[in-house]
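Shown below is the structure under consideration.
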Amino acid sequence: MSEDILSEVRRDYIYRLIKNGDRIGGRKADEYRDVSVEKGIIARAEGSARVKIGNTDVLAGIKAQIGEPFPDTPDKGVIITNAELVPLASPSFETGPPNENGVELARVVDKGIRGSKAIELEKLCLDAGSKVWIIFIDIHILDHDGNLIDASALASMAALTNTTLPYIRYEVGEEDEALLIKDTPIATTCADIGGEIVFDPCLDEENASNIELTVTTNANGDISGIQKRGAGKIPFGDISQIVDSSRRLAGELRKKL
Amino acid sequence: MSEDILSEVRRDYIYRLIKNGDRIGGRKADEYRDVSVEKGIIARAEGSARVKIGNTDVLAGIKAQIGEPFPDTPDKGVIITNAELVPLASPSFETGPPNENGVELARVVDKGIRGSKAIELEKLCLDAGSKVWIIFIDIHILDHDGNLIDASALASMAALTNTTLPYIRYEVGEEDEALLIKDTPIATTCADIGGEIVFDPCLDEENASNIELTVTTNANGDISGIQKRGAGKIPFGDISQIVDSSRRLAGELRKKL
Amino acid sequence: MSEDILSEVRRDYIYRLIKNGDRIGGRKADEYRDVSVEKGIIARAEGSARVKIGNTDVLAGIKAQIGEPFPDTPDKGVIITNAELVPLASPSFETGPPNENGVELARVVDKGIRGSKAIELEKLCLDAGSKVWIIFIDIHILDHDGNLIDASALASMAALTNTTLPYIRYEVGEEDEALLIKDTPIATTCADIGGEIVFDPCLDEENASNIELTVTTNANGDISGIQKRGAGKIPFGDISQIVDSSRRLAGELRKKL
Amino acid sequence: MQNRPEKLINDGVRLDGRGADEIRPIKIEAGVLNRADGSCYIEWGGNKVLAAVYGPREAHPRHLQDPRKAIIKYRYNMASFSVEDRKRPGPDRRSVEISKVSREALAPVLMLEYFPRSSIDIFVEILQADAGTRTTGITAASVALADAGIPMKNLVSAISVGKADGEVVLDLIREEDNYGEADMPVAMITETGDITLLQMDGNLTEEEFIKALNFAKKGCESVYKLQRRSLIEKYEKSCSD
Amino acid sequence: MQNRPEKLINDGVRLDGRGADEIRPIKIEAGVLNRADGSCYIEWGGNKVLAAVYGPREAHPRHLQDPRKAIIKYRYNMASFSVEDRKRPGPDRRSVEISKVSREALAPVLMLEYFPRSSIDIFVEILQADAGTRTTGITAASVALADAGIPMKNLVSAISVGKADGEVVLDLIREEDNYGEADMPVAMITETGDITLLQMDGNLTEEEFIKALNFAKKGCESVYKLQRRSLIEKYEKSCSD
Amino acid sequence: MQNRPEKLINDGVRLDGRGADEIRPIKIEAGVLNRADGSCYIEWGGNKVLAAVYGPREAHPRHLQDPRKAIIKYRYNMASFSVEDRKRPGPDRRSVEISKVSREALAPVLMLEYFPRSSIDIFVEILQADAGTRTTGITAASVALADAGIPMKNLVSAISVGKADGEVVLDLIREEDNYGEADMPVAMITETGDITLLQMDGNLTEEEFIKALNFAKKGCESVYKLQRRSLIEKYEKSCSD
């Protein structure tokens, strides 16, 4: 019970702040917390990056294997994105296979990468119909203070730009080659709190909101993914303005790659 | 509790009716509810049929794939029967993998088809030891008002008689071919309610009974499957009379195929 | 509750006995209960043995199959050890996949066999990189009165010494051949009860202890496995004496093979 | 799988003869099941979808109960035979995500606080699939909820919009979904214009996105009319019984 | 797998030398386990089967409890090494079905209403399999229940009957089961003649079916005598201890 | 996988230049996570390991609660990308066993009776693996427990020892683990000399075993100093904030 009361108090506080045009930490509505990107920290991985957005901390690792293509795309490599919301990162995360939040997180990151064609799947084909690179993007949440999707998407793209395909280890080439990256989709997420839109919601803000919108935009400004989450509704007219802000904020985040 | 009382009242009512030689809906002891069979309603499936017996509503779909035979029967195709007791069909059905009722349902249908040799497995062999047709019979329960087995078995046989093997799509032939059906096993189920045997029990009758007997008979009158279900017992002497009635009722149901 | 009190009373009793230099059944601290080994009792298995240590009763069966080697050891056969703590054997065993106790049991037995190189994996290779013998050691606990590991390890080794590889059935040779055994690792387990070390603890003794040590020793006296279990601690100085006793007791158990 | 058609759109005409902003034939029937508290069957182009609603009923297992309001369960499930390559029974990652966003698409119109500790259970079975199954499912579920007499502020209507051969098109068919450039399912409360589901896979310029959103709005309005009509028909039928 | 023998029956003589209506050698021992409340070990032809009973004990998890009577759990489990091709551990569809019908075969003789909220747990392990494992299991479980002192109205006896090389035969062996034309496991309360398990796989004419049923009845009577004797031996042994 | 180096030890010098009884560079940092009640990050040779502690908190599900003391949960988990060949997410038999023995290695120092019905939850993530991950994990978990303010009698320190090219060596690296003759992880309460984890895979003569045990003791003493220092640094840092 006391837990419930506490979280209600916190929700009220956030709500009043935002109604007054204010925000925890004194941030502006479209201002991100400090963002840091550290690449190449896992030597065993083909690529890796750790991203912190405020206290949110995410590690993405890339592993590559040789395998068979899907029957209906024999000349294309495969990307598999997986997210582990390990219980180390939050008291609300539990052991066991990914629940719907983990599945959604991984799929939103995955679709942003696919939609933007950031990785040319045809280039991952070694022998059409039988031998392609399978790229695993594994997202490991380490500390959860909100906005996991933006942190995860940024860590995944940073790790991909840091990836070298192990041609030598798999005996399919004489030199290892950097993974070719053709676009840099960036996810930006906002929450609606009492009718106000704030970007990069921290965990307390997420708990005070019942609607979030993640928009992934490309280097050229195109949209390569959208996902509305939460049991709320968004006025039709708000959408295009959110997309505009997302595009602008993505431009800033992209510089961190 | 009130739920328990309600179901006890209902059980008593059914029981008294039947003791008086009467039955819900005024049916005779060996009379089926209205039976309808509608074939070919799922275009994506190789074969399909929807069967209604009273308010019980079952959809069976057939999918065919090319695969490897079992090692000990290299020259035979494979039949796999699966039943989904989806929670849409009844408040007592739950999500998750088939429970023992779903497993039993699928196996009883499956054994009736195998026992009668309705499908010649040798004819499903494309290349002995390496390439055979795998026929999936998927039973989807849509509305549960009792006697699921008879409806499922009838829907499965109806769907099989409606099946075309997609030789062209799998590039194993130049023409698609109708699946060859050599027999038409029909399952008929009766329940013992207070010592009285009634066929095609509706759900309320099933709840008032603790023993059901499903007998599957072939076009020539042979028996190709029997399954006693429920925590009760049947007098030895009753069996052969039930088998006789089953054979006769199966003859009527068979006309619906 | 009464269950708890009962088990506490029993724990106290064991504890007082042992403090007085005494033990249930009048055993000495390093004395095993009666040990019997019966080989070859399951005709369907490639090898089998049933071991009783007092009331503890374990059946191990060996099955062999032809399969592919692991990619990193293309010229070696494979051993897979599995333990079923079936609920028949104890009111505390539950249905479902092996829990941590079952997993640990199987792994301790497995590691003793591997560590001692009792089975030469290279001899199980039929065609390097593609075809090797896969040896399944399946441990079935039938009656649990403590010290399952020693009984399981002994049953597994006894079953292995009783194993014939079915070359004829798999059509990879013209004669079946006995599995070659190069060492006979024996596990011996002791429990610490109030500072006293007793070997071959029965179930009541295990419940009165919070630390057990299993030491596996080879025919030549080398150590091929150790596992400390339980939420207690062992004084550094006690270890080597336990290992000495283990080696001596293993020598006696080995004669039963 | 069939091969990609050479062109998805010929001179503004789509493979099934529609224009860019036209919707497929839709047939909605409310109250088609006996056991469920509410139900709806939709045939929408090549989609055949059945939705059932149970509840409000006691939420179970108990630790899921919310003392302040009803919880919603939503299960989107494809029948094994609903697609060309047999789908293995049981949930996969796609259906887990669809179930989540569909539940969130319907939540805004439900008066959940009326039914504390309860569960409203929505089951959607895709019997035959032809692109747009999640929006067909939401549309059917919305009718089934009304048919079950669950207090609702409004109906939710849903439709998919996307891009094929470089053109923004409403209500994708399977070929446009498989070989097109973008798919954007949208759910709306048509009367208020609020969006309750919005997803996008693929790639759209801002201009295309705005156009797509407006197509979706127009599509939802058509769907809404059909939903209402199905409920009226059900009501009239039950009165005449 | 071994190949099919050319003939399963030669001049009325089966592969193991039996006539059509003869049963294999059966050895039943009650009370063979220490931890279980009741137990039974049977060697029946090539079958080696162990049954244990625990209970009545508190049913758990609690939501399974029935306030009016005990529930029965029955788990039929094949050891990995019990068959020629290693069986993967854990339940499969076959063992799920067998567990269900076996539980229902024993339910009629148990006085379940004596033990509300309780569970009677029956575990059957097939250590070596040679056709007829489910009927051997039911036969063993029935003795184990009696050994556990569970109040029973009667013993249940079970046996398999079937058809091989066109002849109705009692108590199938593996070859007859694998290559024969029908398998029909039957469980009975021999004293009353009531049938508590009846399944049939394969194909039988009506005439064959009646003959099979009568063979099964005769077989169950023999089994029943051995079950009783095992319990008497156990009782005598426990008295002399 | 890389091939076996011709020699693991050259004239007493190991592949990474160490002598037989030397440990790798170790960096321990306490209190690195925000959400967890206590945490620790260790870089130990090529290992990168993060440990977090939550609790004491209400044990759940409730049937796990012990009315007399807290229970400990310990989850050892390897990140998919922590090893050369991607590890499939989720527990396997190895991690189940490691979690069990690691929990038992820490239990002796925890005052569990202070917190009846509670759970102390320890989560260890192996982010990069280079032999000795379980001992690195226990070492990190011990610091994280202290950082969480859980009442402890002592720290537990852990290290691995083994045999490579016939020599007993302390603190194995990956090549020594993969191609060596024995691996023996040890955890100790350094101050009392009590052993709380002891496992051995491979083969050791008695003499080698005694030598290995003494190496491990020496190693644990070094580790203990670094653990203490990390906690002092954390304390000093939090005071100066």
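Going in written order, the chains are labelled A, B, C, D, E and F, and every chain counts its residues from 1.
We adopt the following convention: contacts are C-beta pairs under 8 Å (C-beta built on N, C-alpha and C of every residue); 3 or more make two chains touch, one makes a residue touch a chain.
In this text, all values refer to a predicted model and were calculated from it rather than measured experimentally.
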Which other chains touch chain A while also touching chain D? none
So if I look at the partners of chain C and the partners of chain F, which chains show up in both lists? none
From chain B, the most remote chain by mean C-alpha position: F
Can you work out the whole-Å distance between the CA centroids of chain B and chain C? 48
Rounded Å distance, chain C centre to chain D centre (Cα mean): 57
Residues of chain D engaged with two or more neighbouring chains: none
Contacts with two or more other chains, residues of chain C listed in rising order: none
What topology does the chain contact graph adopt: line, ring, star, complete, or other? ring
Ring walk, chain B to chain D and onward: B, D, A, F, C, E
What part of chain D is in contact with chain B in the complex they form? 33-36, 46, 48, 50-52, 54, 57, 75, 77, 79-86, 89-90, 121, 123-125, 127-129
Complex contact set, residues of chain B against chain D: 41-45, 48, 55, 57, 59, 61-63, 65, 82, 84, 86-91, 95, 97, 136, 138, 140, 142-145, 169
Given the complex, residues on chain E that touch chain B span 1, 93-94, 96-97, 99-101, 103-104, 107-108, 182, 184, 188-189, 192-206, 209-210, 213, 217
For chain A, which residues are in contact with chain D within the complex? 72, 100, 103-104, 106-107, 111, 114-117, 213, 218, 221-237, 239-240, 243-244, 247
